[in-house]
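In the two complexes that follow, chain A is the common piece, with chain B as its partner first and chain C second.
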Partner chain A sequence: MTSISKPRIPLATLPANEIGLTVRDYEGAMSTLCAGCGHDSVTAALVRSLFELSIPPHRIVKMSGIGCSSKTPTYFASGAHGFNSVHGRMAPIAAGANAANRSSIHIGISGDGDSLSIGAGHLVHAIRRNVRMLYVIENNGVYGLTKGQFSASADVGSTAKHGEANEVAPIDPVQLALSLGATFVARGFSGDKAQLVPILKAALEHRGFALVDVISPCVQFNNHVGSTKSYHYVRDHELKEIEQDFVPPMRETAARLPHGGTIVVTLPDGGRIRFGTLPEEYDPRDRGAALHYAAQAQQRGEIPTGVLFVDEGTRDIHELNSTPDEPLISLPFEALCPGADALARFQDGFQ
Partner chain B sequence: MEPTDASNPQFYHRIVECQWACPAHTDVPEYIRLIAQGEYAQAYMLNRKTNVFPGILGRTCDRPCEPACRRTRVDGKSVAICRLKRVAADAKGAIASMLPSIPKEKNGKRIACVGAGPASLALANDLMPLGYEVTIFEAGAMPGGLMRSNIPAFRLPVEVLDDEIASIVDMGVDVRYASPIESLRSLLGEGFDAIFIGSGAPKGKDMELEGRSGDAATNIHIGIEWLQSVAFGHVTGIGGRVLVIGVGNTAMDCCRTALRIGGADVKVMARRPRRFFKASEWELEDAEEEGVEIVVNHAPSRFVTEGGKLVGVDFDILEWDEGARVSTKVGSAHFPCDDVILAVGQENAFSWVERDLGVDFDEWGMLIADPVTHQTTLPGVFVGGDAAWGPKNIVTAVAHAHAAAISINNFCEGVPVEERPEDGMTLSSQKMGLTQWSYYNDYNSSPRQAMEHVALAQRLSDLGLEVEVGFDSDQAAREVQRCLNCDVEPIFKANLCIECDACIDICPVQCLTIVQNEDDEGVLRSKLNAPTRNPNEPLYVSGPLPQTGQVMVQDEDLCVHCGLCAERCPTGAWNMEKFELNLAYLAMSKSRRKS
Partner chain C sequence: MKTEEKAQRGEPDEPALPKRRGLNEFALKFATVNGTGSASANNLILRSIFRMGVPVSGKNLFPSNIQGLPTWYEIRVSGEGNTSRAAEFDLMVAMNGQTYASDVAAVSPGGYLLYDSSWPLPKLLLRPEINFLGIPLAKLIGEIFSDSRQRILMKNIAYAGAVAALVGIDQEVILELLSERFGSRKSLFDANREALQLGFDYAESHFACPLPFRLETMAGNDGKILIDGNTATAMGCLYAGATVAAWYPITPATSVAEKFRSLCERYRRVEETTANGAREIRNNFLILQAEDELAAIGMVIGASWAGARAFTSTSGPGISLMNEQIGLAYYTEIPAVIVDVQRAGPSTGMPTRVQQADIMACAYASHGDTKHLLLFPADPKECFEMAVLSFDLAERFQTPVMLLSDLDIGMNDWVIPRLEWDDSYRPDRGRVLGPAELEQIEEFFRYDDADAEFVTPRTLPGFSERGAYFTRGSGHDRFGRYTEDAEGYQQVVDRLAAKHRAASAHMPPPVVKRHPGARFAVITVGSCESAVIEAIGYFAARDLQLDYLRVRGFPFSSEISSFIEDHERCFVVEQNRDAQLRSLLILEAGAPAGNLVPILSYGGLPLTAVQVIEGIETAWKDEA
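Let's turn to the complex of A and B:
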């Protein structure tokens, strides 16, 4: 933990976004994570994404489970709503929150332990339901908070800090999500914000469940030689063939993509993802191909990053369930709770 | 861009902008920290080491450090560096035992100084500890030069002056009062090993206008002569209506003095618009607060007399172009008055220097001297202070003395005067624990503390009453925390960086960026996280980082030295280290004292 909080310096250099806030207005409490933890960089990328999208902090609901990664919500958007649940239970909390208030922006932050072990059952159902949310897995291959045991994402052969190698097959969140019908699947790296920020922005605008698996090294327990989730290893094995940029609605000129996009996917609000350099014949709209590509890359020991799959056509949780257009809070009491007579009539319908 | 070479002391010296701007290179942040710790005597001695007169300068310095202070970039107001110097001086207690010791056994070299102003006194202060015998010849009856004769006691109390001058004279300096040097030739004949000319610019400029001569002249005074007469008690009153011509710092002292000895309606008459005034803003404020009226765009054309008596001055009213270089007369005005004080500048007077000695003068009658060595065209004769390149200020006179001391020491030891010892530096880690520093690293948002002044009626009735009260302990405690510790530098070791971005994310001013290097500085600047505010501030650019070959860039212009980058860095690639400038003349005194 730092000796002081990050001071507010009244320098005139910080630009304001469309709603008059500076990037510092999207920060949270001081991080108590280890110095150099990848999770803090993910936090910084979230701060920047929310700032750049000019999202009012009070419209955000941030949720998490348990783990170092799950402490992230404390460190951004202190003006947002938040819920720090128990280990592995972020997904159902998020589904509930989203069902109740579809006008909020739901952000779930989890770890590889939180999501792929104890919370795996919840994750898969949130994907199936296409809960409209940004679901970030800060993936470091270990249980950081409990001192570095292998997690379910640890690669076979990757060694722990004291030398022993993992022998159990890993779960790749990207392949898992693709196989379950996720409508937005991406992978980023905490050490590359230039790529991570556009990924997060696109995911935040996606109409449905957006899974972003972020390789986020644990400097304390998993950043040594032999680990496949260290800063160095990821930089050596990262495949940035799939480069994309997110172009928000009406802001096309802000795009930073150097190569003219070869494929453009338009998001419901008018924002667009433009894909640049792609492996030949890769189509980020073809689930089967994406799955095949991810599996092959894994076999080769490569880590493809970028937005790997987008599907804007599938119905989200609200469309599937024909929920009202407004958040439940705005419904009159009688509509929400129509009383015993209405219940009786409803039940009669099943007879 | 090429990786920055930070091994040259000048790189970090430049970053400590207050110290860089100070002609004597006073270690400002360190003395401010000492004050914060309550170590007033040490803070005083650290000042004394470089600027020699902390009590005097803590009240009167021209403060070139303050406009340079980085705090200005953050909240618009510099740290009150000068006032804090006074805090150290006022609270220093007994420091006699900390003064440099003077060897009983002399080195056999005798140095003569002309004039006992700050330049000569500071020179004696540098040379006495080395065993030199210094003799100062002073025309007047007391030491201090213009500090005593012209700076009024309401700005600089006599006790402060006496105390600091005594600490030098008591080193055993042989001061000969009432001993004007009337011939350099005969002084050269007295067998001194070197001569230092510290005679100042003692002549006030006159104004040859219609009505200047004749009986009216008794009511037309030359500013610096008049101030001297007041200081030494020869003049004790002035007419009710006073016009001060000129608007430099001398004019400010004249008008404020006039108010205290009988002036009721005192006007300062300026040729140019206000933004072209020479006087410091704070002196103008003080004068106006006391009731002086400042009239702009008026140039005197005639002293008006009636029956041989001065009754007023006629002025041309001027209009100026943008840069106030070309004026046109647009009218005229008459201002009645009883007395006029001319404060339009000072001149040097070298009538006592024979022109056939090998000491050369330029076309304006100024001594020709080397700006680094201070040696005139006659080897062994040196010059400093106002005598060197015209009227400046006290701290400049002190800086000249330090430079001349190096030359004189070289000269006496047979070393070429051009062989200057080099400044050195030390960098010392401030790390005390994982996230603990030996300096107070938090940013403090206190506003600049306002100086309290003695009530108007009281100060105008007492010529010797110091106007500024000085900071009380609460104010001092708040003001010291405004310092950004610009001498505690984030120091980077590229080979340790793993590019985790922790420092980038934590920096409160976004002055760090990891980026692909560029040949062109402008292109590199355009890629930084925070836009460049000051393109003249050099960037720090590291060598290539091990994992990606990108570089770490720091825009020092924005840094507030909070140390958070170093606290968040997992590998110790960043560390906070205190820069200390080891000035050449201080090294000189150490090495000589040992031998």
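Let's turn to the complex of A and C:
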């Protein structure tokens, strides 16, 4: 519940950023997500990123849809306006807010259900429009809030709570975004804050739509994200113990991803994910190469992480529409209404 | 009452309406094939009649198709000002062989049918009681023009010339219009003039021109314009200061957004010269063609939440798609202006036909307990005025406002008094707290501190941490906190109901015409007005006075309730099957069901006075 406020313990030793704020000033309400949820790690990485970039909290606009991930805007930047809207529709609402006031820093937090199923149509068009915003997908391959259904990012062969296997092809948001002409595409892992913070900071600085897919395992209902047929789950009997009113506490899975190469991360229920990091010679400015790399990694059963593609040369929604530098909401009414004389002249053409 | 029924009962044969055919009283109908350019010829005739000062209306009955299907255009001329859709036609311009049979049948006895005699008219279609006027248009045009595209277009202008001669359109007026249209393109103007003359001369030399019904210049259109409702709506959005529009193409609402764009490009585009001498365009607007209507309403909600005046324009199917987010805007109290140019439903229905069938769907749009503010324009003038009002109401009451226009108002040309604008107008932005005001209060809570109209203050993102809050469509209490607590939840939704009731004082009052002692009345809405007024005139001429009320907004004012109470019976005239306005009056104006008699038209064509008269007469007979 967002009514639970987080106690603020003043610590004199906390360092301040360029605008004199400490990391505490970027925090929000107490999280009500399950203990150990990867989403809370994403929140912590966001808090750190916003703090390090010295962004005034009132300039931040937090948007979300519905789902576990969509709860997270409550848990950071309490000094910012937030909008927890309806399932799948965050992208257009964010586009509207951005259209009205381009001086705000728009951050959308979504999940794989919100972005790849019910709201997939909006995600693809937000990418095409190049709405300037950070768009985070907290991707766990499962519907957590409704207790364990497959999402569109669930891998073929992964199993749900009653043992049934997913047999339909997953949507990889990274490859999807690359093919749509996204201007910033990255992927991180909730358990590696050291890698995620620089990714989020780069995305926040990007002058366009910045998609960050964060693999954020669900500790309760599923963590077969990234799993392939070569990995086996040992979780059947464990899941059976999970009743609707009993949620066992879990420890967050953390791992430091290496520079280059791969690492296999074992999740609390025994599921494993193989993460890959980008080799040094990787060029994130080559869209075709990025797509090829992502597709090949997927075939190897490996999830590539890092900033996969950046194009700083393109125009965002406002540049495409030639809107003024100042926000549309700041234009005085006199600049918007042509007035009585113009109306009279206009009507001369209707006689 | 039908003539045949009266004849059977031995009653004198009396036409439904007094015979109108005569000087400045007649109706024309043009039967053509869509996609052949006939619209510009028909518009030329309509505009010429308007310029001659004679009250006129044009109704485009078009198919949901781009090219090749039958289409009709109707023009009603009425010096007396009865410009609702005509029930019968005095001159049919039959240019589509596919529809000859029905077009011949639609001519009123004693009327005329103009056809292309390049090919013979099938003998079995001939009716002795109407006059056939043949012009070998294709043959004559073919002799002058060689290009096949030009032949098609010029044939239309030629029939316009013939009609001009037949009904007495002032040649100077029609040439003036042609020159305005093609002014700078001399070859086009010359070709059009030649074709026009060809038709005119042929009619003059072969027929007794003008016909017994004809035009005579009068001064009926002084201070008036001829305009469609969608253009007027777009103009209203421009004048209200809307900066963000989001929409998805849909008939018959598309031209609202398209006109808004062209108006913005004309009035909101600033050209600047940059430091290095380059010309730069600056658009003081942002129009988003959304991926669907769900996105369109989402964009409007996002933009309004952030402080812009934003709107979307759509039709019934779009309203259905927007439902979830209309509820979001209602519950989170975010302004949203939604223009619904109604068409015939349900489902895809008849996209190019008119109905007023979204009344209930809009009044209670979305799941859960919701009630919205509705505005009902009757003509383009009200489209303009109510579009402006929509934004003021949406922001004052922080809620969705739906402007319920329809296809007849939106896409047809109407003669209306010139639009007026008061330069002292300033938008009513409602209760918005800025940083300075936030400094004055101890702590800001989004849904607390309601005013006398149950409106609470809001803040806009981007200005002050003190105004920060979390907007949520999930259960919330007056502090804006998430809640699943009965009391905290009910407090907010009860206030929303009270806020909706309070808005009734700000809705445009109904248009009311009362006669002392009248026991019966007609209640109607929107584009039914002209047909209802004509029908009331018909009954008045037969010594039956009917009072009149036209609803212009929802929630209903107490004036509407007392009007209903003051009459024994009210005939509720509307264009849908299920008597939706009547239902809403029963539910929300406390009207006794037995006192409201439904008179319904829902075939998809604009209402005629004859339908209203027959409906009332039938209802009367049933009561008696």
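Here is the rule we use: the second predicted complex is superposed on the first by the 266 of 351 C-alpha atoms of A that agree within 3 Å, B and C clash if a C-alpha of one lies under 4 Å from a C-alpha of the other, contacts with A are read in each partner's own complex, and residues count from 1 in each chain.
Throughout what follows, a contact is a pair of C-beta atoms (placed from the backbone, for glycine too) under 8 Å apart; a residue touches a chain by one contact, two chains touch by 3 or more.
Bear in mind the structure is a predicted one, so any value in this text is a computation, not a measurement.
Colleague: Looking at the overlay, does A:G82 come into contact with chain B only (first), chain C only (second), both, or neither?
Modeller: Touch status of A:G82: second partner only.
Colleague: With the two complexes superposed on chain A, say which partner A:G157 touches: chain B (first), chain C (second), both, or neither.
Modeller: neither
Colleague: Who does A:H122 touch here: chain B (first), chain C (second), both, or neither?
Modeller: Second partner only, chain C.
Colleague: Would you sort A:C34 into first (chain B), second (chain C), both or neither based on which partner it touches?
Modeller: In the superposed model, A:C34 contacts chain B only, not chain C.
Colleague: Residues of chain A touched by chain B versus by chain C: which partner has the larger set?
Modeller: The partner making contact with more of chain A's residues is C.
Colleague: Thinking of the overlay built on chain A, is A:V219 touched by chain B (first), by chain C (second), by both, or by neither?
Modeller: Once the two structures are laid over each other on A, A:V219 reaches chain B alone.
Colleague: I'd like to know which partner A:G96 touches here: chain B for first, chain C for second, both or neither.
Modeller: A:G96 sits against chain C, while chain B stays out of touch.
Colleague: Which parts of chain A are in contact with chain B and also with chain C?
Modeller: On chain A, the residues that contact chain B in one structure and chain C in the other are 1-3.
Colleague: Can you tell me which positions in chain A touch chain C when the two form their complex?
Modeller: Touching chain C: residues 1-3, 57-59, 61, 63, 73-74, 78-86, 89, 91-101, 103-104, 121-122, 124-125, 129, 317-318, 321-324, 327-329, 331, 333, 335-340, 342-344, 346-347, 350-351 of chain A.
Colleague: If you look only at chain B, which of its residues touch chain A in the complex?
Modeller: 73-75, 435-437, 441-443, 445, 498-502, 504-506, 508-510, 530-531, 533, 547-548, 558, 560, 562-564, 567-571
Colleague: Per the contact definition, I'd like the list of chain C residues that touch chain A in the complex.
Modeller: Of all residues in chain C, those touching chain A are 50-51, 225-227, 235, 238-241, 243-244, 246, 267-268, 270, 280-288, 290-292, 294-296, 298-308, 310, 324-325, 328, 418-423, 425-427, 459-465, 467-474, 481-483.
Colleague: Across the complex, what residues on chain A touch chain B?
Modeller: On the chain A side, the touching residues are 1-4, 6-11, 13-14, 34-38, 40-41, 43-44, 190-191, 193, 217, 219, 223, 231-232, 235.
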